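So, here come the structures, one by one.
Shared chain: chain A. Partners: chain B in the first complex, chain C in the second.
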Partner chain A sequence: MNEPLLEVNGLEKYFSIKSGFFRRELKYLQAVDGISFKIKRGQMFGLVGESGCGKTTTGRLLVKSIAPTAGEIVFNGKSIIELDDDEVRDFRQSVQMIFQDPYQSLNPRMTIFDIIAEPLKIHKIGAFNQREELVAGIMEKVGLSPAASFIFRYPHELSGGQRQRVAIARAMVIKPDFIVADEPTSMLDVSIRTQVIELMKKLQEESRVSYLYITHDLAVARYLCTEIAVMYLGKIVESGEIEKVTQNPAHPYTQALISAVPIPDPSYQRESIAIIGGVSKPIDLLPRCRFYDRCYERDQHCQSQAMPDLHEIEEQHFVACYQR
Partner chain B sequence: MLVKNSIPSGSDAKIISESLWRIRLNLLQQAWKNNWQIFTEKKIGLVGLWIIGFFILLAISHPILMAYWSSQELPPEAMMGHNKSLADVYDPIRGLDLRPGKDMMPLSHPAAPSWRHPFGTDPMGRDVLSQIMYSARIEFLFGVFSALLSVFLATLVGAVSAYFGGKIDAFFMRLADLVLTLPFLPFLIFLSSLLTLDLFKLGLVLGLLGGFGGRTIVLKSQALSIKVRPYIEAAKIAGGSHWHIIFRHIIPNILPLSFFYLMLGVTSAVMSEATLSFLGLLQAPISWGLIMNFARSFGYSFYEAWWLYLIPGVTITLFCGSFYLVGRGLDTLVNPKLRKR
Partner chain C sequence: MAETILEIDNLSLRYKTKKGDVKALNRVSFQLEKGLALGLVGESGCGKTTLANAILRLLPDNAEITGGHIYFDKEDLLLLAEQELREYRWKKISMIFQAAMNALAPVYRVGDQIIEAIQNHAPEFTYSAAKERVQRLFELVGLDCSRIDHYPHQYSGGMKQRAIIAMALACDPDLIIADEPTTALDVIVQDRILKRLNRVREELGMTMIYISHDIAVIAELSKVMGVMYAGELVEFGSTLSLFKQAIHPYTAGLMNSFPSIKGAKNQLSIIPGEPPNLLNPPAGCKFHPRCQYVTAQCRQVRPPLYRSPTEQQHFALCWHPLGANGKENDHE
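What follows is the complex of A and B.
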């Protein structure tokens, strides 16, 4: 249970920004800048951060949708950067992704059956009528029941929550080992959100699939995940076991994030942490702490030193900050 | 085809009582019905369909009429020349009406519209109505063939160059620029001097020019907007090959626009054909443009033989217009902003 299914070492993705008169490559957007983490089998791993911090890029890198600039992704003991055609096919069969926007991630011209059965068709799993059984079965599992009344509908006839269930069914139908869920609930109604989160938790417990759960919602991450990494401008600033990170946040950014989670009790007074400014773009950054410009605990040392590395402050709790 | 109760994992799985192909069929019917409703919301497309239907009737009824005419033997006193039956009189290509009129004098050709020849006759004594009906069938075959070819090519090339981008895209787009800047009519005139241009060859040329020209650019731009949708990435992550993504995801989503261009394609093909045959550059037994061409080359002006210009002219306009109107009707299907609801 404890050997890692997926291991990421020093993963980098730079996007070149062409500008200037001759459109020469002048700048790089450092979307993901040297991150490392491990995901165990059957684990739900949370990746938290605000918009534009490189969460989604990380997810896309892990499913081999885009190629990394540098670094290593080891899946099932094999680096996925250089695979031959057969190995790519196997890899595609064991990894799936659930997208943020259920309105854009389902082809409007395909029926629900065709959408869910597409991975089966691509990987030639099952004969035609077996596929119908498989699809109907997985639809019942994700709560699209009775399957008969949904199976040949089109995505536009379904609500947002139902569509996201279809996306989940599609990701689950070929029984992958690893699923990247890219903010699967952020586009949904609050009332539907809980149902979908519950569904994902239930399915994960049943199937023991590993998840990378990308979200900006710490509360959701805490509910679902066992381990978490907090990203800021392409770097992981804090990671570790979920309870340790959320109960005892060490990095100023994590502390600020947690102080922003709403509390149901209005009489409870919590120290609120205000951070300075807004998120900047990770273009040609200065070689110092990414959070320096917005940090309320910065000092001379922070200004002159490079980005701090993650170091263990307690068991299974890492932070990248000079102040800790 | 039934989904049985033996779904292995789901214990609460229900039997889908109706067979799945029946559900599929019902939904397809429903989709057709809905689309038909949207299509008929604006009468413009319906008018076009009615006119097309009328032309189809014309085209179908011509061989039937010919069969009827060949059964109508002429009385001996009317049997002049080789005419043995009405079919010889009304044949669109070889026909010649030598029968005497009421005053026992033969008709002088071209004859103005009368009961005997509702649309008159041409300078060679052939019945214009029969020619119009006979040509309708040819124009249909020609127009639809050329439009299908051009839209098939444009859809495929547009989707491929949008999906792959890079050098493939650059090549097809420069080719499209070349086709667009090509002076159309002079090129066809040049072509007719190189080879005997019959309807099939013209259809091929128009199809190729249309398929690699402006329509490609429009369909490519549509395909570009499809290419960046997350469901394309989802298909890629699921392991779909390039061709799987192009044929299963991109092309079905640009197909409505292709249908729209199919209709416009028929219009433009038939118009080009009419122009070329009017100029006498087309090798064809008869066509609507050729009726006018004959009148002109025999030296008849509009004032002397108006029916030889007016009738084919109106026919061409109606025919081309009807496909254009259907295209506009399809536009409401393609573009939801134009819908009333």
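What follows is the complex of A and C.
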């Protein structure tokens, strides 16, 4: 129970890009740049940060949809990079990904039944009539009920919220141990979003599946997750127990980020920390703290030293900053 | 008693489509005091953009206003000819359109686009006067003046949004309507832009209608708020009053649909079902199929206007107002 389901060590993903006038110059975009974290069994782990910081790339690395440039991903005690064919099949059965856009992630030419049953087919689980039962069962669970009224429909005949329920049902039907949910509610409308958030919470509590929950919405991360990691330009700058990180952020970036989140309470006087500039692309980086250019607490040391590593500042709370 | 700058009176609008009429606005009424910021919230398709566009009559050909009045400074805009209305656009009322940051023309310098907008609507401005004005506007919205001669692709998303705001402020309007100006921007950028927009608004004493689906943004930005549902304005009043005691069950549910980064972690409440299709909206109260307090009356008759006992201007359309007759407001 205590040993983590997933352990990531020094994970890197560099994309090569062409730049320069004749696009001859080869450069590297350091999308994920040496990150480490652990996800426990049955845990909802949040990965937050602004657009382009490397969240989706991390998610894709974890489900083995792209290969890392360096680093190690240990799932259930085995490195997923060195799996043989049989093991890869098992791995694919134990991890699933749910995407942001339910419009694009479902095959428009397949019926709802075929979409949800497809993972069962691929992994040869159950005879046909058993599959019907499994699919009907999971559909009721995700709130696509009565299942009979949905199974012969196509994705375009469903609303956005219903489509995301189909995507969740498809991910859950083979009873995975681990799900990467990449902004699963960001395209949904408010009332539908809350329904889906509550659904994921309920399924997680019932099934003890582990989640990497990717979002840019810190309030949602706080609501759902027990631990989070905050990314900035390919690095994790702060991580730990959810209340510690969100209520008592330590890294200047996390402090600025959290102070910018609007509060749904008109009597609350929010003071935001002003930071300069915006997020750039992780190309041609100087070997120092990623946040240096925008930091309001930087000093000589920060300028000349390498990117700081995460260190523990209190129990279950880690930060990568020389000032802490 | 402060002066009313805008009054919407029983406004109804439909879009004609092949499948039938989309009843996008149904008898919307409210009054907005000069100098205030009004936040309009509601889910996708409830009619927010339609209401905003109707004020300036920037409507597609298939739209038809089927009833009501729009008074701006006591003048009924619906009675004005297109030519007369043009005098209002930009100069008295300006608009920041939804997804406007993609609307900057890619091949023209940003500064020139704003100068052109100024000269189109206020021909009395010479080129150099307009250029000076642009510099002043850039300072106002927090853009570096060296950016005036840059092209849109040299701008980040947040900078484009500031340029759009600058453009909307160009002719010093009395009312500015901002339709989701910060969706798709990161939270830090959104925060900076909203702070700036609000500061400029206060400095210039402008009235604003701010449209958003994010109740937290509305809570922070606006003194009064309106909640729309399925083409109707179901609740309206001071933001403080709505948050303290929502009258409409939809408002109460909406307020409890947003987790907060601060304060106690409350269980979110689920509003079951989905918003109706406006081709065929439900009879009676539009919210009745999703409402836990529904009775026969709700299914048949449009609810009357119920006024809050503690705040006159706070009202909702509901047969079973929360907080009335000792009924508990169960959003807490």
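Methods note: the second predicted complex is superposed on the first by the 317 of 324 C-alpha atoms of A that agree within 3 Å, B and C clash if a C-alpha of one lies under 4 Å from a C-alpha of the other, contacts with A are read in each partner's own complex, and residues count from 1 in each chain.
Rule of thumb we're sticking to: contacts are C-beta pairs under 8 Å (C-beta built on N, C-alpha and C of every residue); 3 or more make two chains touch, one makes a residue touch a chain.
What you see is a predicted model; the values in this text were computed from it and never measured.
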Fit-or-clash call for chain B and chain C when the two complexes are aligned on chain A: fit
First, second, both or neither for A:Arg222, with chain B first and chain C second: second
Touched partner set for A:His123, first chain B, second chain C, both or neither: first
Which superposed partner A:Ser145 touches (first chain B, second chain C, both, neither): first
Which of chain B and chain C A:Ser272 touches, first, second, both or neither: second
Which superposed partner A:Gly54 touches (first chain B, second chain C, both, neither): neither
Gap in Å between nearest CA atoms once chain C and chain B share a frame through chain A: 7
On chain A, positions contacted by chain B and by chain C: none
Residues on chain B engaged by chain A in the complex (per definition of touch): 1, 3-4, 6-10, 12-14, 16-18, 20, 23-24, 27, 229-231, 233-241, 244, 248-249, 252-253
Touch list for chain A against partner chain B, complex: 60, 63-65, 88-89, 92-93, 95-97, 99-101, 104-111, 118-119, 122-123, 129, 132-133, 136-137, 140-141, 145-148, 151-153, 167, 170, 174
Touching residues (chain side chain A, partner chain C) in the complex: 50-51, 159, 161, 189-195, 197-198, 216, 218-220, 222-223, 246-247, 256-258, 260-268, 270, 272, 274-275, 278-279
Interface residues, chain C side, partner chain A - complex: 43-44, 156, 158, 186-192, 195, 213-217, 219-220, 239-240, 243, 253-255, 257-263, 265, 268-272, 274-275
